[in-house]
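This report refers to the structure that appears directly beneath it.
Labels run A, B, C, D and E following the written order; every chain starts at residue 1.
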């Protein structure tokens, strides 16, 4: 296939593969949204997905924790392996999968519950806290990591839906990290954030990378360059190019990547 | 008040004032979200609102077309004049006001209707089209201005909710410009857009400025600098500083503005 | 440069007029509903409130040993040989004596004077005497029900003019009743017995009460609530959230919608065939009645619950699944609370329907004359197995009776039923208000 | 362990009498008060014939004798020993609003001429042209015909058709004319006699007498068909008419002078006597003079006492089956 | 009720089992629940379900088996013993299985899902029950009465002596006509009421008016019937039917339809109100922000988004209209007739089912058995209508969502 991604094999060998997708195709009804994408995502790295709006980044991201199951018309083919296990295998419990692979959605979607309950929910169902004070701690830690603790510490019992757009986004980040997933999928986590908050979230991402693997969708080339080690460029449902972030941004192989990075195709 | 904005009076004199807010306060229940903000927004200019997440930008923006009316717990005091007319006056019909002052919300909220109907909705209720082909034209033009025509021209009858995040955002922009408002309030209109799409929207904003006035909330200092002539900086519900964009970015008067611009407070 | 915001342009005026019209339609719709409600309730209350008051006659009834205990040994077997027919003359004598004592003049014969006392009264006296045999010997003071026509006279239902035409009373009797009331022998009291006493036969409207019916309805509603709500919600959850969307679930869906359209009497046919004839449950029992009504209510609850589940935005489910909640957890922790108002509405309406339904009970033996209070549990009949009736049945029965005094009772029973309904639904209404929210 | 109360189902016409007896039975005997269901003779007999055993009824009340086909079903289900008990007669009267036009005397012929679907006129059947009682019979008031008669589900309707309409058909001489028109087919002639007009002047009442009363209340010209006991409880609202010159009363009906009445029954499942306590006692109590006698409460309420009550009493005592 | 004891035993065992399972879960985790694959409370829930569900199923199975085998009297001793043994096994197994790795949540969710499926099959069983309880009588009806007459005759006049005309068509016509009028009144009124309550009225008014309207659903239908008979009927006759020359019947399709419409208002209004209220505020904001008026927003955005639920409410109201008896008897009369005049008396299938079933005719005669045939036919017809409704809703809904 002409659109096959080109991978830097040298680098790949030295790191463990966390997620490996092979020939993934996604259809929304008739629409072919992801076209035969294969990719290997390394452990303890941050991988950025970039590409013009509507190219399939969110769609592919949602494949990784099988969130596409919830869309009636979505149909996924191909294999996705996490730690060598095929997540589409019937033996795999999507619930367990999603506990392991956390997600921050593109549109902030807090529960219509209190801020505290929004964050405490995951730890509660996964039994991450031994008792109430444990839980309080987890919530505080998560909200701090989400860079929103100071703003909400006095209003933990107010509804999460009454927050500003950016606050909701950070709340959702806090909610996702509270369950300590091994892989964190973040779909434009900073889209509604100011530079400072963005920096804090990027710091968080960097911290998470120490132990986990993070996949982030972003429209900001600068952000991709700042936080990620690997970058994949999507275009019209194809993964055009995948490799070390530095190389992609300095020396893209595919002309489409180059045009996008230099601001010529949208 | 120490937080009073400082305005470049020289410049103000030369342009018509479109919107003038005086001592606006907004409360969400107990919470004081906008504190005594006064501002004059000129006609045929782009005004950017910047400030850390949760500082009250969206809240203030929503005052200008009285969208806060729809939030039960929100209470607005003070005067807001558009073309010298007080919009809180009982004679003012919020419907007419909102036809004149359009809005793009922070969270894309397409109707659960077809893409076409999403855009055609405003022109239809305002009677902007004489007939079907007129309407088709208006829709196409709006979608083109929203930089999304190419992506959706083959699927106009598909639901708007089945679009990607960035596509939804552009659809909402197209929907707002379709009604030809005199003032357009845009709450982070490019947050989910890639650079190219962003550039197209910025172009649109520039084009709109020729005849209308545009207020844009953005977290991107670069964007504010690129598109706006005036910038207001908000912080913790106060409008700290307001003035020519160039001056704000090069020579802020308030130390908080400076810290924010230079990336020190969030 | 532009139009003033202070004056609406023609199109806006037109649209605002449409807006006002639309709102007015809404207000009018509410108005229609409320007016209908007020008319219905007013007519029910004005006609039925009388049932809660009742005329009593307080007299000393002679209890001669010679008549009541021929053996003189207080032997139950002997004493119970004297039937109510034997007691009736004693009551009459008591009243006649009281009239004489009070110095009231009347041309009525003793038998006619006796007609002022309810036929129920003899049983009241007999039961008391059998329970306390030591009363025999001297006169004892009793508060006895007055005849229904007399009672009706004090409530305005019977007039002198109507009494003149009425075979069952006469203006002279009403005259005497007036005097008795002046003399304090007759009083009007709050009618607790209406809520506690069992039904009475057509000859004793004044004695008829709702005791058995209230118990029966209560038991049935317990059964309905315990069965219909959990089953209905469970079925809806399965169909809406778990079931694969295929032919089979379409079949179930259509099927449930269709069950809602099945006339209620058909559920009675079903109950008779399945629960009584096949499963051998007791006829006339609240258990069977409750199960039948539960089946009948089920579609209402399912349809409203499904609609409510459908209305919960998918982003809430996504959010829960995204943090690793199972489907089940996302439904029970997030979706269900958001759908609660709709579920409760279905429950409120379903229970209202179940509480007021008569037709299916017709075939399973609950449209009946029952005098003994049903027990919630007995070893002979099991849980809710005693014969009983229900409030709507009592209303239906009473509206069919010949004596007009029952009209008032029926309306009184309707008031009781509505109060019962409100009490039953208060919890649901309060809960629903707590769960209501916009997102 | 077993059911200790008597269960009764059936006719709503018999229901008030059964209630009175059950209530008195409960008061004066050591048995629980029997449970009396209503739901119609047919439904009652159906339940009765469903079989033997605790969850079938012991007694079926009926406003008509049991049919052969029903007995066959009974037998097929094991209900073989049935005692038939006739308790008295139900008088059927014609009454109108007390303040309405003076409907005081009717004859069967009046009713036939007023309500027949078609009348023989000059050797041909024509749709009933009468719209006013006055046109039917000059002695009757000048009032539009508006008759409320029992619906076809009611046993009373059968009695009404046979004893009033058919009788009237014969009395008025219409029968002969019809026979000449149709060439002597008696069955067809009878059917033609008993066909009731459907143009709205005669209204079927599927409900009970309270509904008829309510309709007459709302309709000054209305004339309705009632049970005697119902009328006797509402003499302040209704005025009754004579039929063929005879005033309806328990006496005239018992004597047979008043033509329109029907017998009432109950059926006892003999196989339950002995297992269900109080069953036989109840049956005996029902037909005792204290209850069903001419001075008893049932007669007082409007039941026409059976002149042959003594025979019935001994049949019940002997548990004579059909 | 020899099964009372086992029931008690099951309940007690379930409580004990849940307690033990939690305790054991806590102890195997060494006091730190984070080591557990599932939370202690899920182990507890699993224990309850494992203890309760199989024995309950066994009890039901036994009851069914006993009836089918026509076994009478108390169950033999081995039955309660076996049931209790099942419960004990459930407790033991679920408690023994508790370990750090055992996924009690999955296990209990499997139980729950089974129960959910069981609950949804009750609807199917009910249908089967309904069909079975009417089928044999219906068959024996058609043995005695020609089906062509039943389905195609336009004459309904049952007769005591046999030779009845039992055509269903006038009854169906009456049913459709009355339901149509009732819905034509109730649907707009209910929908507007719902819209007013959810979009215009304040929470206080809503808190009072909504339950008040729901009382309309709880008023016994006999009250409506009498209202129709004594008030609405004469009113319509005197002010509409007679002046306009539509005849002078107080009982009419119009009377029954209107009064039934009143009863149905809460079915439409309350359910629709809940659904409309569930439409996300951002939809309204989107429309208002474009300068739409509230009513435009409601008509063009909110109601379409709430449509599936509203259709459900309307179907429910329609179902209720078809099944209603008392209002029709007292409001529209008992005469089966085919006429277009809404001020004439007509009647419905349901009314005739009730009246033929509770009448005086021989219970084995076609006049009584016809009730079953009517019931089954109505069942099939409404089934058809529901299939049609589903089909239409599906087609229409696809444009949205």
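In this text, a contact is a pair of C-beta atoms (placed from the backbone, for glycine too) under 8 Å apart; a residue touches a chain by one contact, two chains touch by 3 or more.
Model, not experiment: these values are computed from the prediction.
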Next item on the list: Touching both chain D and chain E: give me those chains, sorted by label.
Entry: C
Notebook entry, point to check: How many degrees of rotation map chain A onto its copy chain B on CA atoms, rounded to the nearest 5?
Noted result: 180
Margin query: Using CA atoms only, can you tell me which chain is the most central one in this structure?
Written below: E
Note to self: Quick check for the class: compute each chain's Cα centroid; which one is farthest from the centroid of chain E?
What the structure shows: B
Notebook entry, point to check: From the C-alpha centre of chain C to that of chain E, how far is it in Å?
Noted result: 22
Margin query: Please tell me the distance, in whole Å, between the geometric centres of chain A and chain C computed from their C-alpha atoms.
Written below: 60
Item checked: Chain centre separation (chain A, chain D; CA means) in Å -> 83
Next item on the list: Express in whole angstrom the distance between the two chain centres, defined as the mean CA positions of chain B and chain E.
Entry: 49
Note to self: Where in chain D do residues touch two or more of the other chains?
What the structure shows: 39, 43, 207
Item checked: Touching two or more other chains - residue numbers and ranges from chain C -> 15-16, 19, 272, 280, 326, 338, 362-363, 379, 399, 439
Margin query: Quick check: what residues of chain B touch more than one other chain, meaning two or more?
Written below: 95-97, 99-100, 107, 125-126
Notebook entry, point to check: Between which chains is there touch?
Noted result: A-B, A-C, A-E, B-C, B-E, C-D, C-E, D-E
Item checked: chain E to chain B touching residues, read off their complex -> 280-293, 296, 300-301, 304-305, 399-401
Checklist line | Residue numbers on chain C that touch chain B, as the complex places them | finding: 1-2, 4-9, 11-12, 15-16, 19
Notebook entry, point to check: Any idea which chain C residues touch chain A in the complex?
Noted result: 245, 314-327, 329, 333-334, 338, 437, 439
Check: Once bound in the complex, which stretches of chain D touch chain C?
Finding: 1-5, 7, 9, 12, 15-16, 18-20, 22-24, 26-28, 30, 32-33, 35-39, 43, 47, 50, 54-57, 98, 207-210, 227, 229-230, 232-237, 290, 297, 300-302
Note to self: With touch defined as at the start, can you tell me which chain C residues reach chain D in the complex?
What the structure shows: 80, 83-85, 119, 123, 126-127, 158, 162-163, 165-168, 200-204, 272, 276-277, 280-284, 362-363, 365-372, 379-381, 387, 397, 399-404
